[in-house]
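You will see two complexes here that share chain A, one where it goes with chain B and one where it goes with chain C.
Right after this comes the complex of A and B.
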């Protein structure tokens, strides 16, 4: 629990321009902002300015859309970018008299996620109504789990690099307060010129898992690393596709700063963050803004701010009605959600009607941390390489497939994967799946290299040719371009002789020195 | 075999009457009793079509069951595909639902003919069927020979124009429809007594089944945790038939029980010695009329004399049920009504300044004072600072009320016998002197606790009052013990021989009274 309570300390003097630098390369956006995170977690004395150091506190609320064919309480399909209002059941449009029916798949996804995040799963959880009027919330309330959520008290370990060095990775832990099931809202489109609002209810009622993280982080870098790890876990479980750009993973950050030994400062909530890179930027900007505000004698308002990715800063959101009272109330149309484990499973229960936590636990796939350990252990690669392999969707599988088909040692293969394949894909904005060079072709090429039939310089040349995707095999390219290494002594001598033969004068000059 | 439904069903089977004839007869009666204002929508065309289809099934010798071809009416807070569903509110005037409530679908699947939608208090909030946007419902007994003979008109014109009595509510339209023979059975809803109360005032059987036995899917909710579809019929046997076709798990309503429901026929109770009837002393409530009190004790004697054990029992927390109900009801109302914002369906105000002002104007124009009042108080109770003090406390009191029943039933009592209402039906002019909230508090007092506890309860018409108006008694049974409840109710029904309404004078009032109805509408 290295990061518990968070001891990262920021000082203004060192942080000029924080939030501005671009992201570094590599698996995490390891920009220079990482400097700000204090890896030992202790307070740093005040800088030259004489100002007492600041301790930033960052907590996250993450909404992950559950990957499911149908919505949380209705049979409507879930699909991204479908024609507006084409996926709306009577319940989703809150027609009078309709009732919610809980989707089993969504419950299982939440249990899986809870288990993967070391939560205790509540065998009895409850649903509540949270009331507010908004055009894309047709019922006037959202069904959520305010009182007793499905999972509580978990933790998430994540790693990040210190000082932008891949070789210096530290592992931190953030506590998970709870995971709750809730409905997504629809979408409103405001047409200011025509003075109208258009509502699309396709998303209304889609199942969400809200993951609430305790304020155990202290900078954008940590927040970004934690979210990236969560994203990988969700994708591994299949409980959410967790694509931020498609809104399947939405992150709100709670940020405050205080001096050591003092209570936490007033926090702001930063919304509208739609990528992990922007999360780091938004958090760091907000920390910096608060410090500046306080040092200039100002105060921090308990407000909601939006991150403007173009300007790289946070701006206050227009708060329509000030503090809302959500008038929570138990959802009367849903009985308590009861889950079982093998011990408590009633003998005469229809198995289709119950959810067994133990059964789900036994079927959890390897989580990213375990996968990484296995990769390091099995192939002898560096831990930081295992991070890179898992960070790109399908890259670890690609690597393992190449290793299987080649005699080259995995330690050498990883270099080709990370330095050549990955950088090429990045340059051309391609996913691993879209790679023009299959694992089979790459293995073929590496085998030629390993058998010393070509030099590594030639291998790069062949690879460059392979990227064109013209369907040639590495061997064909080698032959075409005559890139083979010569293994026949006589042949080599003949070539040399031929070179020398036509150049008698030069030979003489050389011999004479 | 007994019961009107069974008799008619037999007649249909034997071809003595056809479903179309039956339907036409009912439609004609609806027209001639239009002044009762029992129906909001009469679905003449679809009803005749359904009757025709039923007729075809009988012709082929393949009727769908007892209910095939039987004309029924449905309270206008159940969704009916293609037929307007208004809740007697401006908010839903003209609203045509795209789907059928599960109970409506089940009736149609059994071949029943849906005549129309019956009148009610707006969104079922009331105990008189006087507070709907389509005007008050008139109690058919106002025009009965029995009442006419007993009532002493103060002045001739007053009696003619405003001497009529209310039906009770909120399912007054359904009760009046059954009572005036315009249909064989009707669906109501019961949240605090809304089926039993008008049943008592209109002299019909009103059954509120156990919460969770019948699907609420498609019933526009008042209080989700207490609402139950109610059954109004002319006799207890008919109620059992209806229950048999409606009860059972519905995948669309997660609060219905999973267990299978087996429809039953009611036996004739012969051995009363094993029956223990509880008389809850707290139902001797302030305001209980002396004639109902006398009737109640006469009924208890009836059981005693037949060999049953009759014991006084105590339900000490019942007296808190109304105040507790007020908090829980308004809180859920505030929540349930939030969806009526004018965006997706229903009334939408022309106010275009902003979304918020459109919401506000829509809701102000769409809801009556009663609904708006309940929304306001409900939101007050749900405020963060009030939630513990009101809502949570009310939930605790509700548990105490429910536990009272559990204790009494655990002590060996099979069934409770109580009055259904404090008195017979009040004249409309008298009734509207008090506001809706005061009236509901008085009128639900004897029926409300059964909703708090989710228990099955039934009104059985018992006798006529001194004014020649119906008075009923209530039986409250154990959870999911509808068969026992109805069996006892049937025995009682047989003993009391409640008189048939004599409506010869209906036609005389037909034109004159109907015209008056518009001016009497609640404003």
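Right after this comes the complex of A and C.
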């Protein structure tokens, strides 16, 4: 099978240990990569060491917690951080005699996500049991969709910048194999001192969408960019809040390497990745580890590894005994899930029991890619500008708000937003919502600049002062620091004359040429 | 065809059942033989059945309201051990002892 990928080819790189460089917190399109990934594709001649080039292959399994009030199959509340075992019903605790009842909202969330990712929605999908033993899975099985999931065969487009230059953005696509609905498990807290595990079932039964991405990616940066775009899409749809830090978005990476023209290598699964930044590091480390292992004559085990963020490396995971046999079987307590579209809508059914795919499609909000295009079209800004605007929560809205309140052209406003405001925010690790400078204040300042009442240097000074958040208006600061531009023609002439008088020789030299 | 020792061991690991002795294994083999009769039916072009009720069984969709939970005390009554409203479990899965070390495996077979 031909290697489908970005054509990225890796050489044996320098050691990447714990001190991997990286940008500040938050996702990034142009991060520093540990190892160069050749994006131009095509065969690359072997390096100095005479070793044939390697093609890394990266696939992702992403679990997104569905944003809903109650759980997938029960009426317990979905909430992060609540007293242990307080959000647990008898069904969630797997007490005998309880049955699953499917939450409509969860189905809608999965359909929305499937449509946004260009999937075919299966009008009939099935639920199955996946069996394994673990303390946080009280039933001994997870209800999932293994045979026929709710959505299949989609795609996700994301952007990367070549050579760390924002001006050269390239669009890549990753295929979405499928999206399935499944239950989340409870949480295990390991108490090593007392040699026991504490189990909290609050999370047990919360609805998840598992999004499976085909191995079309070739490095950490691509994986990170794809996940970032998925995160933005989910947040725009509202189907998941997708906050990685709260466990609402979990990513497992499947990594392998092979030589061009040869079959795919043995893959390892990397788990315990807690941020998009760590995802890129974990993937790059694992690729590197596999290359080194193979070049030293070793072999790669088909195993599960955990990413250790402190050490910046992957380690074999304990508690995974060989290959698991999940003994999949149909979930006998749930009939098939039937979805309709406008054509197939049954005439005499209760509306509440019917999910119409077309109805959901019509009400999908503008996806990030569309929003970016609209910003470029409406305001004449560059694509990389709109990329950054959407990448920071609330920044696009802030920008549009300023534009509304000022006469300054959007093309000029964007510079103030991206260069000045954003860098202040980053320096102080603040979100847009936490900005001491509101859109109103910034617009006020930009108006002074636009009316030529102050110079742009003065404007930067005023902004620095505004940043302190002492409640002063731009005009007040201008007056305080005497930053007004002189408008009086006569006064200007007098000053110029005085300067010239003091520099007679220089003026003569200038006039003579 | 007899069920091999490896398969029996594998099944005991997966399902944590204890076949215990030759009678248990015999019962398993009879059950497999019974199920194998399904192969005698020609199912070419026939979709697998999900339920005897077929199209008449619609999957009921529940509204997304919070209607359950907040019964920590009751749930913990079932726990043999608890720590501050957490269930207590061993540190990890306790693996089934290896074939050679198990006391009850295939006794008297």
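Here are a few things to note about the model shown:
Rule of thumb we're sticking to: the second predicted complex is superposed on the first by the 464 of 513 C-alpha atoms of A that agree within 3 Å, B and C clash if a C-alpha of one lies under 4 Å from a C-alpha of the other, contacts with A are read in each partner's own complex, and residues count from 1 in each chain.
FYI, a residue touches a chain if its C-beta (ideal position, glycine included) is under 8 Å from a C-beta of that chain, and two chains touch if they have at least 3 such contacts.
Note that the structure is a prediction, hence the values are computed from the model and not measured.
Within the superposed three-chain model, A:334 lies in touch with chain B and with chain C [touch as defined at top]. Of the two partner chains, chain B is the only one that A:96 touches; chain C does not reach it.
Contacts of A:133 after superposition on the shared chain: both chain B and chain C are touched. In the superposed three-chain model, the partner touching more residues of chain A is C, compared with the other of chain B and chain C. Contacts of A:198 after superposition on the shared chain: chain C is touched, whereas chain B is not.
Shared-chain residue A:237: touches no atom of chain B or chain C.
By the touch criterion defined above, A:224 reaches neither chain B nor chain C. Shared-chain residue A:463: touches no atom of chain B or chain C. When both complexes are overlaid on chain A, the residue A:141 reaches chain B alone and has no touch with chain C. Residue overlap on chain A between the chain B contacts of one complex and the chain C contacts of the other covers 90, 93, 95, 101-102, 131, 133, 135, 195, 197, 199, 325, 327, 334-335, 353. Across the complex, chain B is touched by residues 90, 93-102, 129, 131, 133, 135, 138-141, 195, 197, 199, 320, 325, 327-329, 332-335, 353 of chain A. By the touch criterion stated above, chain A contacts chain C in their complex at residues 68-70, 74-77, 83-91, 93, 95, 101-107, 126, 131, 133-135, 188-192, 195-201, 318-319, 321, 325, 327, 330, 334-338, 352-353, 355.
On the side of chain B, the complex with chain A involves touching residues 78-79, 85, 87, 92, 97-99, 101, 216-221, 223-225, 251-255, 258, 331-332, 334-335, 337-341, 343-345, 352, 355-356, 359, 379, 382-384, 387, 391. Of all residues in chain C, only 10, 14-16, 50-51, 53, 57-72, 75-76, 78, 83-93, 95 touch chain A in the complex they form.
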